[in-house]
Amino acid sequence: MSHVGSPRPGVIGAGTGLPPATGLAPATPPRAEPGPFRAFWNRLTARRSAIVGLVIVVALILMAVFADWIAPYDPIATDWGAIRSSPDWAHPFGTDEVGHDVLSRIVFGARASLGAGLTSVALAVALGLPFGLIAGYAGGILDMLIMRLTDALLAIPFLILAIALAAFLGPSLTNAMVAIGLSATSTFVRLTRAQVQAVAAEEFIEAARAVGNPPWRIALRHILPNIVPAILVQATLTIAAAIIAEASLSFLGLGQQPPEPSWGSMLNVAKNFLEQAPWMAIWPGASIFLAVLAFNLLGDGLRDALDPRQRT
Amino acid sequence: RAQTAQAQTLRFGLMEDPDALDPTLARTFTSRMVFAAMCDKLVDIGPDLKPVPQLATSWSLSEDEKTLTMTLRPGVLFHDGEKLDAAAAKYSIERHLKLPGSQRRGEIAPIDRVEVVDDLTFKIVLKTPFAPLMAQFTDRAGMMVSPKAAERLGDKFSTAPVCAGPFKFVERVPQDRIVLERFDDYWNKDAIHLKRIEFRPIPDGTVRLTNLRAGQLDLLERLTPTDLPQVTRDPKLKVGSTIELGFQSIVFNPNKAGSAVADPRVRAAFDLAIDRNALNQVVFSGEFLPGNQWVSPKHPAYVKEYPIGKRDVAKAKALLAEAGVTKPVINLTVYANNEAPQVGQVIQAMTREAGFDVKLQATDFTTALDAADKGTFEAYLYSWSGRPDPDGNTFSFLACKTPLNYARYCDPEADAALGAERATVDPNQRAQAWKRLADRVMADRPLIYLFHRKLFWAYTTKLTGFTPYPDGLVRFNGLKLN
Amino acid sequence: MRPEPADRYPLLSVRNLSKHYPLRTWWGGKGAVFKAVRDVSFDIRPGETLGLVGESGSGKSTIGRAVTMLNPPSAGTVAFEGADLAKLTGPEMRRMRARIQMVFQDPYAALNPRMSIGDYVAEPFRLHRPGMARFERRDEVEGLLARVGLDPRFARRYPHQFSGGQRQRICIARAIALKPSFIVADEPIAALDVSIQAQVVNLLQDLQDELGISYLFISHDLRMVRYLCQRVAVLWHGRIVEMAEADALYDDPRHPYTRRLLAAVPVPNPVAERARLAGAALMPPADPDAWGALVEVAPGHWVAGGHHS
Amino acid sequence: MLRFLVQRLALAVPTLVIASMIIFTLQQLLPGDTATALSGEERDPEVIAFIRQKYHLDQPLPVRYALWAGGVLRGDLGESIRLQKPVLDLVVEKLPVTLELACLAMLVALVIGVPMGILSAVKRGTAADTLANGIALWGLSVPNFWLGILMILLFSVHLGWLPASGYVSPFESLSENLRSMAMPAFVLGNAIAAVMMRHTRAAMLGVLGSDYVRTARAKGVSPLRLVLRHALPNAAIPIITLGALEFGQLLSGAVLTEQVFSVPGFGKLMVDAVFNRDYATVQGVVICTATTYVLLNLAADLLAAFVNPKLRRA
Amino acid sequence: MTESSPKTLLDVRDLGVAFDSEVGAVHAVNGVSYALREGETLGIVGESGSGKSVHVLAMLGLIPRPPGRVTGGEVLFAGRDLLALPERALRKVRGGQIGFVFQDPMSSLNPGMTVAAQIIEPLRIHLGLDGRAARARAKDLLDLVRIPNAAARLDQYPHEFSGGQRQRVMIAIGLSCRPKLLIADEATTALDVTVQAEIIGLVQELKREIGMAIIWITHDLGVVAGIADTVQVMYAGRILERGPVDDVFRDPRSAYTLGLLRSLPDLSRGRAGRRRLHQIEGAPPDMRHPPPGDPFAVRNAYATPRCLAERPPLAQAPGAAPGHLVAAWYDLPARLAAEGVSR
């Protein structure tokens, strides 16, 4: 079936990088190729800041997942004897206004806060990516429609949208996530579209058309993988924003419902006891900072690691 | 000179932005703060909750309790220079009754007509005897507006309200400030020392307090009890307080399909599971007054036969077992403000020990109201600002098909008691009626009453002459800034 | 293996091809049109290489993309094996792409950076031979990589791991996967280092010898064009001004622009080059619109006639 | 140019229409209505019915939208039910305050973010870069309401330098106005500064690595001039575009800041309106912010075009 | 090794440049030494990535730092070591005594500044010219590089010029302060042959006028042949061969130089007589781990075992013209003769 005639030895030699004429070079066989993921991983871990980010993110996620084992107390168990007591051996991070152990709430709060960040961003990406892809690649009337809709959504102030959505869906963490996610969607549509348009202008897309790829395959197989890094970076930035947004919605009573903890709502309550019980604010504040920092470091690292020009 | 003028401006931090500054249309508690400075009432409320003369100097009730004759203070002027006479009083009361959208109509609905007797005397004729009437006149229903201004402005009266109080309206920037200025022809002008009042709505309690501490305010209302230590520690600040007329309660909705709270035994168990003192301690540093009725235990109308019960978890469990429910899940709606969720959390923790599983639902005010109206809630942490007459704390909540009866409570015996309470001003007869009402309500528990707030004001030591009143309003007479 | 190419029937026949680009103003409004290619006609015979030379912006790439319908022409016809490409439907054209292939100028840009080269070379099979089994495909890909002189074990590598010359060979491997009869090579060596250019040119030449592929070879390297192409067309401002057998064109350029172009090519011989430079007086550029239709001045040697000369 | 403006403005119309429809529909989905919210403690059924009828709350959705849209076309944004004032008046009253706040915040963001971005790009990979990034992330991760309260405590309560609240119009006293706006503007600008910093850094890195900067260095240009004259103008376009987007977000992001500092601006109006189901006000506010957003983006595009000589001359 | 005559303008000694990356340093330039006389034109050719650009940039402190850094050596320009000069003094040299012309004329001009502003800049920095005088001089410079209607075009932006014209502007900037040395890094690579021919003609003329030395970096052997006095072949950060241009083209002593020359199509006998092109197999070494010996050895059919093990010094090629240096252990003419090939 193969149409290839017997290749010339010289031509073969050219490809292997072996000198055809002398046998002098050490005949190094090509090293075992690292798979794409392995290569990506090597690039990622080659950066110290990315490792720091990754370690913190993983630690936070583990903390959220294994909160039941890590937290010294039930985060919603109240201790009437210890209302707003300052940090001591029994409660290393102190207790809050109804006698919850702050440390346990920080540990469990990671679920809500990281969850808010990750879920809302996942939603925004899940919605924004396909629409952005369609708008950017199909163009024409579809693009026009999607972009007008996106513009309209962007033009509505985020908080109004979020408040209205949260109020409509009923205040709960899940719904706050949905609201934050929906509000962030238009940014992703825009970003995806811009990225798609940039990638679609690349020559390899033309090359893909030249071998007869149908449009849907170009969009999914050729464009999509190339816009993922930009989306990922934006996503990690948005996670940070979403954690803060959850805090803001908590401020308005639309976030995590009491007594379940989230860092944002803890911070929100803590502001009423700023001088009496500063520890109520310090820990959730530090946790948010740590998470934001970690996600951003990781995001920067991912961007670099996904850049094919970066060598391992 | 500018210094002293500045010094005599009282900056008063309010908890929310008042609504329409029209005594007929106003509906928020906060608006009453402003009216207290701007609009005098026919009668004021005394420290013992009895009416005392203000615009009306004397009054008498006919034998059948259906005609009230009032005599006005002579020489009182509205801010626009108009005279306050019987005709003006008649106009104001009729306006309360007839203006479309009037919020006062319900308060004085039994009034049939108002008749002018002479220049300063008028008669109010009732359809039926109505005991709370005088109490209503101590509030917005008793506020007199200038007929000329009211005619001219119609339902836009609130843009430039004209009353007969110590301070007259200057300007209002929504959500920023309301400015009043001393009315130089005020009938009691010697008691007024302040030159201007600036009301500044600052919803967040912490922010309100920091503003006071930073010298941006001279006086603020509704200080959070947990902030008390901060204020008492500060030598530049003082605190005033009084127990409110209203109540904090949990309203149950027995009509909610499939809800455990339909069974009175479950409601009783819930009640028994709550330790009101502990609740008070935890959330309010013990400053509030635990309660179990529509008025506080210190109120003259408190039904002494029903004192506050002790927490009894065992009995609560037994009741639940009797009702045949295990671990009932109860959704408790609370406002998403600073303290309601805290109260909810404590209740949640307390009732858990008795086997309840309370789920908190913190929502905004409008959503909560909507759920209450539509009957989609299950339990609702509800607060009522209170009225001078106990009728204002009961009738609309417990009588059949009344607007605030979120519990959909409808009991013939209770209705009869409420009818009796309204029908006479005689203290003994009314006390009996309250007892009859309590017999039913304490058993049925459509609401369980939790506590009565203490209202705190914080103010600079520069402010003198401040006296707390039980209706939670500030009397500006005698206030002085040094 | 293949029937001897029948000279009389051109494989590709381009007639009166024009391409106009709408000019956009900076705010996106519509402006005039820019006539990038004007009324171009040529044939390519089976197994033949036609060189297309001309200055930057003269429309070379535009023609390349027009004949492959990647950027269809505004006017004119492109007949491939007798079929008018413009009349084909989308799916029909996609099927046709198995026979017409393209190699691009910049091998850095033409490869999808996130696709392993094995997948990249296998893509034509996936698209045009859907029934092919995985192992068959793998064998084919390995054969192709070997054919263009790459170690088949490299299939799992990604483009950035290859040098420019290797990349261009990957592109060529994909282009020849389905044994096309025609390849448009748009400046395939321009981005390559001198030492690598030879590798690619040799490969193209070998493939033609073996598979009888026809090329449209676009380049501005006039020496390489002469080396590789049987016939050469000179493009100037969107028009063909001269077209002839390669030797005829280089040895006896008729059109002033062709002469100007050839005179500017440096010679890698110090003595000759210095002499050339000393003697070179570049002819001033002439008015491109002053030249009319092609006239056959010698057998197979066509030159645009001058209106004024 | 004129045609371009007209075209762009024409494109804005559907955006505004869709935005208003989205928010209109969304509001109707909210539980509770104005009448409920406004019937007061007494909740007199007659009052509720009266309000319903007065504000057409009893009409079907499309009718009400048509009524509203008709009003807008006549320049009437309706009346705030809660504040009983024409929405237009409210907007005219509040928008300038928030605009001032947003402008000052943007100024803060630019003054902090751009130099810091430049610094960290120029000193890329050094401790200064790390520090600048850390500060930026700190700015991103501190909620507005939180920073606001801390600042009040420090600067108003303990140091007594700045007023904790109390907006003073600039026409009354410019210095007092600036004093009252200093903290809110800083708090609001702080978060944006971080975003500006990171984007300035990215843009500057791109430009600093460009060939023409190398050319400039090869000419012997001093480092300061290199950054200010050669690099910055060319990095300006993304900063401008982003600035406009962020500015639009500032208008609504001001909500919490305004609440903490009791600034009588748009944000408070908006949140109160949503919570009180003051439909006309929400609609009016959204139309205004959306229009501002659209105009800002247009202005940014024009500015970017102006900065870019390739476009300026065309 | 390097000849230092009194007329020496530039003396590069053992220059080394490395780029740090998180996975190890890339040794881009390794021990490059050569000298340039006043008025001499040096053509540099070599594999892409062989360090041609980097080493000239390093001389003037223009490599981006980090990641780049000079690992050693001296660059004596008119007697002063440029590498040891403080930045401030170095700025005086850049654009003043040494002019630069970079490869890509579009990206090398600031798109946001007028052409006048860009030409005036070095005039102001190095000659202290300002205002009217500077403008007049800028116009003269544009005239000098034969841009028609120069006065009118001063206030235009780069994008309003064609590619060839932009490169002329770059040359105007490079020549603005009458430098003693002009460094042209692939100054014509991006241009059409016809435009390239014009630019080369122009530079030749200007060189006669100004009398500067030139370092001309290019891939095009034809260009080097035409303008260079001396040619230098670089590979993997080293000089493999260097000598008078005629001698090197006629008698290359490095296998790499030979490979380059052979890979060009020979058209002297027409298409019919063409031979298969010679191709240099393999790829350049990984510069993170430069090979210990001759870097070209693994691709070199003539390499000896010693080439792999030990680095050959750059030394006078035996039997070649004086100044024709090569770094090789093997004797190329002898090997070629043995194969029966003659050139």
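Just so it is clear, A, B, C, D and E label the chains in written order, and each chain counts residues from 1 on its own.
The definition used in the following text is that a residue touches a chain if its C-beta (ideal position, glycine included) is under 8 Å from a C-beta of that chain, and two chains touch if they have at least 3 such contacts.
Note that the structure is predicted; figures quoted are calculated from it, not measured.
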Each chain counted as touching subunit A and subunit E at once: C, D
Chain separated most widely from subunit E, comparing mean CA positions: B
Pair with more cross-chain C-beta pairs in contact, given A-B and C-E: C-E
Subunit C and subunit E, separation of their C-alpha mean positions in angstrom: 31
Centroid distance [mean C-alpha coordinates] between subunit D and subunit B, Å: 39
Where subunit D and subunit E are represented by their mean Cα positions, the distance between them in whole Å: 53
Whole-Å gap separating subunit A and subunit D, where each centre is the average of the chain's CA atoms: 25
For subunit E, residues that touch 2 or more chains besides their own: 279, 281, 283
Subunit A residues counted as touching two or more neighbouring chains: 13-14, 167, 170, 252, 271, 274-275, 311
Residue list for subunit B, restricted to those that touch at least two other chains: 206, 364, 367
Of subunit E, residues touching subunit D in the complex: 57, 60, 62, 64, 66, 91-96, 100, 102-104, 107-114, 121-122, 125-126, 156-157, 159-160, 170, 173
Contact set on subunit A toward subunit C in their complex: 1-5, 7-8, 11-16, 30, 33, 35-36, 39, 202-204, 206-214, 217, 221-222, 225-226, 308-309, 311
Subunit E-facing residues of subunit D, complex: 124-125, 209-212, 214-222, 229-230, 233-234, 307-310, 313
Subunit B to subunit D touching residues, read off their complex: 17, 19-20, 26-29, 100-103, 105-107, 155-156, 158-159, 173-177, 200-204, 206-207, 210-211, 213-216, 364-367, 369-371, 373, 384-385, 396, 403-404
Residues of subunit C touching subunit E in the complex: 55-56, 163-164, 166, 193-199, 201-202, 205, 220, 222-224, 226-227, 230, 246-247, 250-251, 260-261, 263-274, 276-277, 280, 282
